[in-house]
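Below you'll find the structures, each written out as structure tokens.
Paired with subunit B in one complex and with subunit C in the other, subunit A is shared by the two complexes that follow.
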Partner chain A sequence: MDIDILELSDRSARFILSDVDAAFANGLRRTMLADVPTLAIDEVNIYNNTSVLYDEQVALRLALVPLLTSFDEFTPHEECSCEEGCPACTISLTLSVEAPMGEEKTVYSGDLVSADPKVKAADSNIPVVKLKGGQQLVLEAIAKMGYGHDHAKWQAGVACGYKNVPVINIEGCDLCEKCVEACPRDILALGEESAEVVDDRLLNCSLCKQCVEACGIDAISVSENDTSFIFTLESDGSYSAEELIINAVNTIRTKASTLDNILGEL
Partner chain B sequence: MELKIIEKKDDEIKVEIKGESHTLLNMLKHFLLEDEHVDIASYDMLHVSISEPVFYVRTDGKDPVQAIRDAAVKLTAECDEFTGVFEKTLA
Partner chain C sequence: MLPVRCFTCGKVIANSWEDYKRRVEQGEAPAAVLDDLGVTRYCCRRMILAHVELVDVVAPYQ
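Up next is the complex of A and B:
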């Protein structure tokens, strides 16, 4: 197995995963999308809501706010030994905003105050509702640790996908330049003896095969490498991209060892 | 995760794996098929949202439970390898 990181920022990553099977790559992708638990608001006790939005609507909007999560400090609610929610699987946040008389005020995700300073809205500038002068929104929100397969608000990875690394072979080229013109992503260029793949452009190939169609003498072939994948992922902010990858792999490992343990007890 | 054995013979097993999906089962199937003693490894979900997946393994005589355990261990090793390589790449 080999990993080559192309880009890594706080919220997104792009890397080449090679010498693995599609089953593992797909498992990793599915895990990041649906099986890495995160915190999201699940219950809201509204004390005062004189805004224009219904209570339900406010609750839904709050639920979709990504919360910074520490993976090891919380247990997913459905696996917790409690039934009604306890400090191990839930955390309480409060929000209290009132617009001054005669002024408008927008309630932002950053107005949520949690009991644990490490848990807060991943982005503080998500608008929740706009209040007119004198309107008030006071509530307590209970965030629970849950899984993306139950609701999108618990999804940690939001744009995770991969494609196979392209393989372009050129043999017996007659320098007609048709493939260079046909390529929509400017991957090919004319070399001295044959058309060539431009340095560093190979990964941009979308395997559209327009170059193959354009070539009159079948000198070019485009295929995919079955064991190398270009992974692209984005985190919703609950974890950094790096943590998301690590947490996803840890989740798979836990599942596999749980299965092994259960079978061992049979 | 909860297992319910539907059928078990010396060389085959049919087991319901509650709460799991393609994520784990497809990887498991892949590692089982790498085992030369495994003839058939597959799973089925009758209904995408209401059924629990049923996993089926048939071997050439090897204990099918042991075959699944071996596959799970291989998967764990693959995860360990990933973590190791990923951390080394970052360092």
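Up next is the complex of A and C:
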């Protein structure tokens, strides 16, 4: 297995994963979406809500706010030894905002105050509800560590996907330029003796094969490399993109060793 | 209120709304503003483009 990073920023990453099969690439994708646990608000005790949104709507909006999570410090609630929630799997946050008379005030995710300074909203500028003068929102929210396969609010990876690395072969070309015109992504250009792939553009090829159809003499062929994948992923903010990849791999590793143990006992 | 996340991909989009609204009211092209705010996928773009903000209309009635 080989990883070649193309882009890596705080919230997104793009890399080439090679020498693995599609099952592994898909396993990694599914783990990032569903099996990397994160913290998200799961229970809300409303003390006062005179805003225009129903309690349930406020609770849903709060639940979808990504919270910065430290992977090692919390245990997923369903695996925790407690039943009602304990400090190992839950954390409490409070929110108290009132709009002064005659003024409007927007409640933001940044208004959530948590018991642990490390746990806070990943983005502090997500509007929760707009309050008119005199309206008030006071509540306590309990965040639990959970899995993306139970609810999208626990989904750490956003828009994770991959495609095969394209392989374009050109042989016996007569420089008619039809493929260059047909390609919607400007991948091809005419070279000295044949049509050529423009430098650095190969990875943008969508494998649409319009160039193959356009070529009258079948000089160009487009296929996919079955063992190399261009992986793109985005994190919702609970982890950085780098942490998300590492946590996903650790999750797969734990699952594999659990399976190994079970098989060993049989 | 604009939904917190995109229904399709799950990206947080609500925090782009205020900037988007302000800049479009100042006359910038919506497409350019969305590109600039990093809302690049069309699933997320439709969330913002198709949104009708009604809080101010209903807010006085609690």
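In this section, the second predicted complex is superposed on the first by the 266 of 266 C-alpha atoms of A that agree within 3 Å, B and C clash if a C-alpha of one lies under 4 Å from a C-alpha of the other, contacts with A are read in each partner's own complex, and residues count from 1 in each chain.
Here is the rule we go by: contacts are C-beta pairs under 8 Å (C-beta built on N, C-alpha and C of every residue); 3 or more make two chains touch, one makes a residue touch a chain.
Everything numeric here is computed off the predicted structure, so don't read it as measured data.
Of the two partner chains, subunit C is the only one touched by A:D236; subunit B is not.
Set against each other, subunit B and subunit C touch different numbers of residues in subunit A, with B touching more. By the touch criterion defined above, A:I3 lies against subunit B but remains apart from subunit C after alignment on the C-alpha atoms of chain A.
Looking at the shared chain after the overlay, A:K118 reaches neither subunit B nor subunit C.
Contacts of A:G264 after superposition: subunit B is touched, whereas subunit C is not reached.
After overlaying the two complexes on the shared chain, residue contacts for A:V65 are found with subunit C alone; subunit B is out of touch.
In the superposed pair of complexes, A:N26 makes contact with subunit B only, with no contact to subunit C.
In the superposed model, A:D35 lies in contact with subunit B only, and not with subunit C.
Common to the subunit B-facing and subunit C-facing surfaces of subunit A is no residue whatsoever.
Remark: subunit B residues 1-3, 5, 17, 20-24, 26-31, 65, 68-69, 72-73, 75-76, 78-83, 85-86, 89-90 touch subunit A in the complex. By the touch criterion stated above, subunit A contacts subunit B in their complex at residues 1-5, 8, 20-21, 23-24, 26-28, 30-31, 34-35, 149, 242, 245-246, 249-250, 252-253, 255-260, 262-264, 266. In the complex of the two chains, the subunit A residues touching subunit C come out as 50-53, 61, 64-66, 122-123, 125-132, 135, 152, 155, 158-159, 234, 236-237. Against subunit A, in their complex, subunit C makes its touches with residues 1-5, 9-12, 14-15, 17-18, 41, 55-56, 58-62.
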